[in-house]
Amino acid sequence: MSAIQVKFVDKKIAYTGEQLRSHWAYRSFDILGDSAVAFIGPCDVRPEFMKDVEDLKAASRIYSEEMLHFIVEHFGCGLDEAVLRQRLLIAIMAENLNRRDLKGGVVTRSGSDLYDGRLKLTVSIASVSPVSALIHAGINISSRNTPVPTRGLADYHIEPSGFAGEVLAAYSAECDGLLRARCKVRGCE
Amino acid sequence: MSAIQVKFVDKKIAYTGEQLRSHWAYRSFDILGDSAVAFIGPCDVRPEFMKDVEDLKAASRIYSEEMLHFIVEHFGCGLDEAVLRQRLLIAIMAENLNRRDLKGGVVTRSGSDLYDGRLKLTVSIASVSPVSALIHAGINISSRNTPVPTRGLADYHIEPSGFAGEVLAAYSAECDGLLRARCKVRGCE
Amino acid sequence: MSAIQVKFVDKKIAYTGEQLRSHWAYRSFDILGDSAVAFIGPCDVRPEFMKDVEDLKAASRIYSEEMLHFIVEHFGCGLDEAVLRQRLLIAIMAENLNRRDLKGGVVTRSGSDLYDGRLKLTVSIASVSPVSALIHAGINISSRNTPVPTRGLADYHIEPSGFAGEVLAAYSAECDGLLRARCKVRGCE
Amino acid sequence: MSAIQVKFVDKKIAYTGEQLRSHWAYRSFDILGDSAVAFIGPCDVRPEFMKDVEDLKAASRIYSEEMLHFIVEHFGCGLDEAVLRQRLLIAIMAENLNRRDLKGGVVTRSGSDLYDGRLKLTVSIASVSPVSALIHAGINISSRNTPVPTRGLADYHIEPSGFAGEVLAAYSAECDGLLRARCKVRGCE
Amino acid sequence: MSAIQVKFVDKKIAYTGEQLRSHWAYRSFDILGDSAVAFIGPCDVRPEFMKDVEDLKAASRIYSEEMLHFIVEHFGCGLDEAVLRQRLLIAIMAENLNRRDLKGGVVTRSGSDLYDGRLKLTVSIASVSPVSALIHAGINISSRNTPVPTRGLADYHIEPSGFAGEVLAAYSAECDGLLRARCKVRGCE
Amino acid sequence: MSAIQVKFVDKKIAYTGEQLRSHWAYRSFDILGDSAVAFIGPCDVRPEFMKDVEDLKAASRIYSEEMLHFIVEHFGCGLDEAVLRQRLLIAIMAENLNRRDLKGGVVTRSGSDLYDGRLKLTVSIASVSPVSALIHAGINISSRNTPVPTRGLADYHIEPSGFAGEVLAAYSAECDGLLRARCKVRGCE
């Protein structure tokens, strides 16, 4: 029994924010139920699909020439739980990166962001649709031409699809473990 | 505004599991509302206070000569959210440890457990009371005489109260960030 | 992926009401997570384990010489959902029975009770533990010496373990279908 | 006290899917609160009102020359509970049909669908609005010109308004019973 | 349709806190479902039934020679909603009192407490059982021998049973209005 | 620690209903999180922003030449809780008004409306966005040219900004008190 289905999509998809909607994995890849899907492609979020009101207010550009994207959907999950799951996914990425030889780099997590020193590696948002919770997490492959100083997987010579597979597997194991944990505990007084 | 109140208690308290109940922080330290309290003391959980049914079935002993303990309480929080918060707290501990000089050790997180290789550093449980969610996380200070092979903060020459203060501050910042994140996001389609 | 684990226990267990508690399937049969377990045995519910306050007020006796029992546990499920699931389980039993040759009998469902004319076939209750929802449904095998006029599976020459297997399979399929249904639907205006 | 208000509308209404929205019963018939409304009319669901993403993906046509429709709305009800209520409504229809002389037909329920052998009798969906849960269940009156082989009430010589009244009464009684059940039970350990 | 059943009990009952449990109205007066029951009697809450941990910590005595008590139970209602309902009940009492001739007194509400200047009129608590939310509100009839300076209905020459009837009717109307309000509103963007 | 941030906006804003959307306070005044914002301005709600379906059905005009408006947003709050909070806010307004010299007027609350005899003082609605609950409460300053007979703060010679400040402070204190109440209570049996 696996609590979540995961998939790495082996073709380029440009992330525009439009993908962050309910049933995107079901419509695109016939994955019904909780899912985590990863793919590679540029990132340029159109304002109508920006979900972070802070970004909207600041008219921030969410842009990267090439990113590894994760789209996660959990049904029957509210926003409080969604932001927690988002943080765990980001923590899992950091844990994976720091087990690798980063050529002197060290990745630190600050909430839902990953940094190497002052260089930003990721963008991420968690939101809710009428029927599910949705998470987007993108980690730069390329660090060129980004709106803020960044680093990317290419700077560390990390192959994106292999990294994606490991992160998907770890998030899937985490979800299984979370389900086991909530099913084996008694209540307190 | 801080989403959670934190406190390091500067006196020894033996953890027996009895502390994992609603309002322990309010009754003991007059902290009303969400809280994370750390203290140092031995750990020997009495069966009637064991909340992990897996441990009860296996008649496991949850024992340590000296641990740094964290007791976290979140009101209006269900079990699904509690196990997620527990994992984040454990991830924060790992992140803190791996920023330090561990004399060659590397800490890895597996669900709610921390390991250095095959040596276990922590015990942890998340549960719910009728009015709140409760988390216990204990990290060994001493690694002597434990039921399974372990390592502890002393093995890394880490001073427990300083570590406790950093973890409490990081968890508090995480809680503030989680609240901000859920308050600044729009819904999806 | 199966939403629920099912098991027919091939030894007699006397149902006293004590079985209607969280983690009974996990403690007894090492089934972790949502479960439906069936077994055969007498039924005599002790007052301290009676959950129906109507029965407690009336000092009703819940008794049968031999019943087929189903104990269902759903984690992360509240009481409103539990009573709905209970009704579906009972409806599934009725659907199964009426597909068989009942020697002139016809089973009708009234809420969570099954009747053949005025003869009662079942007892059932749905409740909640601090961490899960729990359902007991018992259908008479024997109809002798019951507190009210009843019929039982033996009166219809129905072999209990076969019937149990079919009901467990149908309830499992129902749970899978319910999960698919909630994961494939969009919201309305 | 009745948990739900029911009404059979004695004029033809063409079901297009547009009716599956919050407050349709309140706007159309001044029924405020939980409701189940039945009416007769053709069925031709326009894609923008299709809520089942499986149907949208398959570009299915949801069509019938004449159906008996039920629109149910429950306020303060989530999607998990809505799909359970939908199944119960469908089970109630099957129970009613099988108590009648179906001229050799036997109705079986498979999830939220009713069949007579391989002939489909119904279409149904459960969804949520921002303030309520909504269920549509339609049972064929006519079985002519349907996209898949079907049977309808006319094939069984069942008068639709009488059937509607019985199903509405049974669903109303079920809702009352569910409310009583959840209000008379104690918690478990 | 009435959202809640109300009853004034015309015999003395000593309030000890034991009455603040699920199904008290059902067990005592056969009222199944949401209820508000009022009665007259002394008040002396035994520590094991004190639900306010602040009172337990302070070892407060909750005592009155004669009070008018209200016990309210709402099923399917959490603690956040329960404390809101408690405040509304107290506000309703204040509104009723201030419409009367209080011989120069003016009642002010501070959270869940009513005061006339510095004199306290009420005690109140809201809590949750495993299946419902429970509220106790007591207003002094007599103001003699109370642990803190108080006033009571007798000091204002208010007849308790008439006052009880008016408060019960107003709370019942409030509950009906709340239900209507939640059922007639659309969602926002 | 304050559970809610409050602000009186010292410039005129015409209330059209468009303000009743998620993050209005964050977008307009950079207030992130739960908030109550008051301002003065005319009121003329456009039909597309009317949330009360009763008003929509009746094609009611929600109009006032000059009102004091309150916009309240609570994150992680459902509709049942929102209508309760709305009532408390209205009760707070009534309590404040009746402590003043109303030149013979007496304010009574009927659900979410305030009246002085048959003259209406307020309009109010509570709704939910995908991420929060929203409340609008407007109290007339001017009572001229209103669709129904009304009174306004000017008729009582009450200065609106002072009244706004007191109501905001009282609602903020109420929210703090509600949070403390839910955090200091134990569960019942």
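Each chain carries a letter (A, B, C, D, E and F) given by its place in the written order, and its residues are counted from 1.
We take it that contacts are C-beta pairs under 8 Å (C-beta built on N, C-alpha and C of every residue); 3 or more make two chains touch, one makes a residue touch a chain.
Owing to the predicted nature of the structure, the values given are computational and were not obtained by experimental measurement.
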Original post:
Shared touching chains for chain D and chain E?
Top reply: C, F
Original post:
When the contacting C-beta pairs are counted for B-C and for A-C, which pair yields the higher total?
Top reply: A-C
**OP:** Averaged over CA atoms, how far is the centre of chain A from the centre of chain F? Could you give it in whole Å?
**Re:** 39
Original post:
What whole-number Å value describes the gap between the mean CA coordinates of chain C and chain F?
Top reply: 49
Original post:
Listing for chain A: what residues touch at least two other chains?
Top reply: 22-23, 26, 53, 76, 79-80, 128-131, 182, 184-188
**OP:** Please categorise the chain-chain contact pattern as a line, ring, star, complete graph or other.
**Re:** other
**OP:** Could you please write down every pair of chains that are in touch?
**Re:** A-B, A-C, A-D, A-F, B-C, B-E, B-F, C-D, C-E, D-E, D-F, E-F
**OP:** Report the residues of chain C in contact with chain E in the complex, numbered from low to high.
**Re:** 53, 56-57, 79-80, 128, 130
Original post:
So in the complex, which bits of chain C are touching chain A?
Top reply: 1-2, 22-23, 26, 32-34, 75-76, 129-132, 179-180, 182-188
Subject >> Sites on chain D touched by chain C in the complex >> reply: 20-22, 51-54, 79-88, 91, 94-95, 98-99, 106, 108-109, 111-112, 125-130, 134, 174, 177-178, 181-182, 184-189
Original post:
Which chain C residues qualify as touching chain B in the complex?
Top reply: 23, 26-27, 30, 76, 130-131
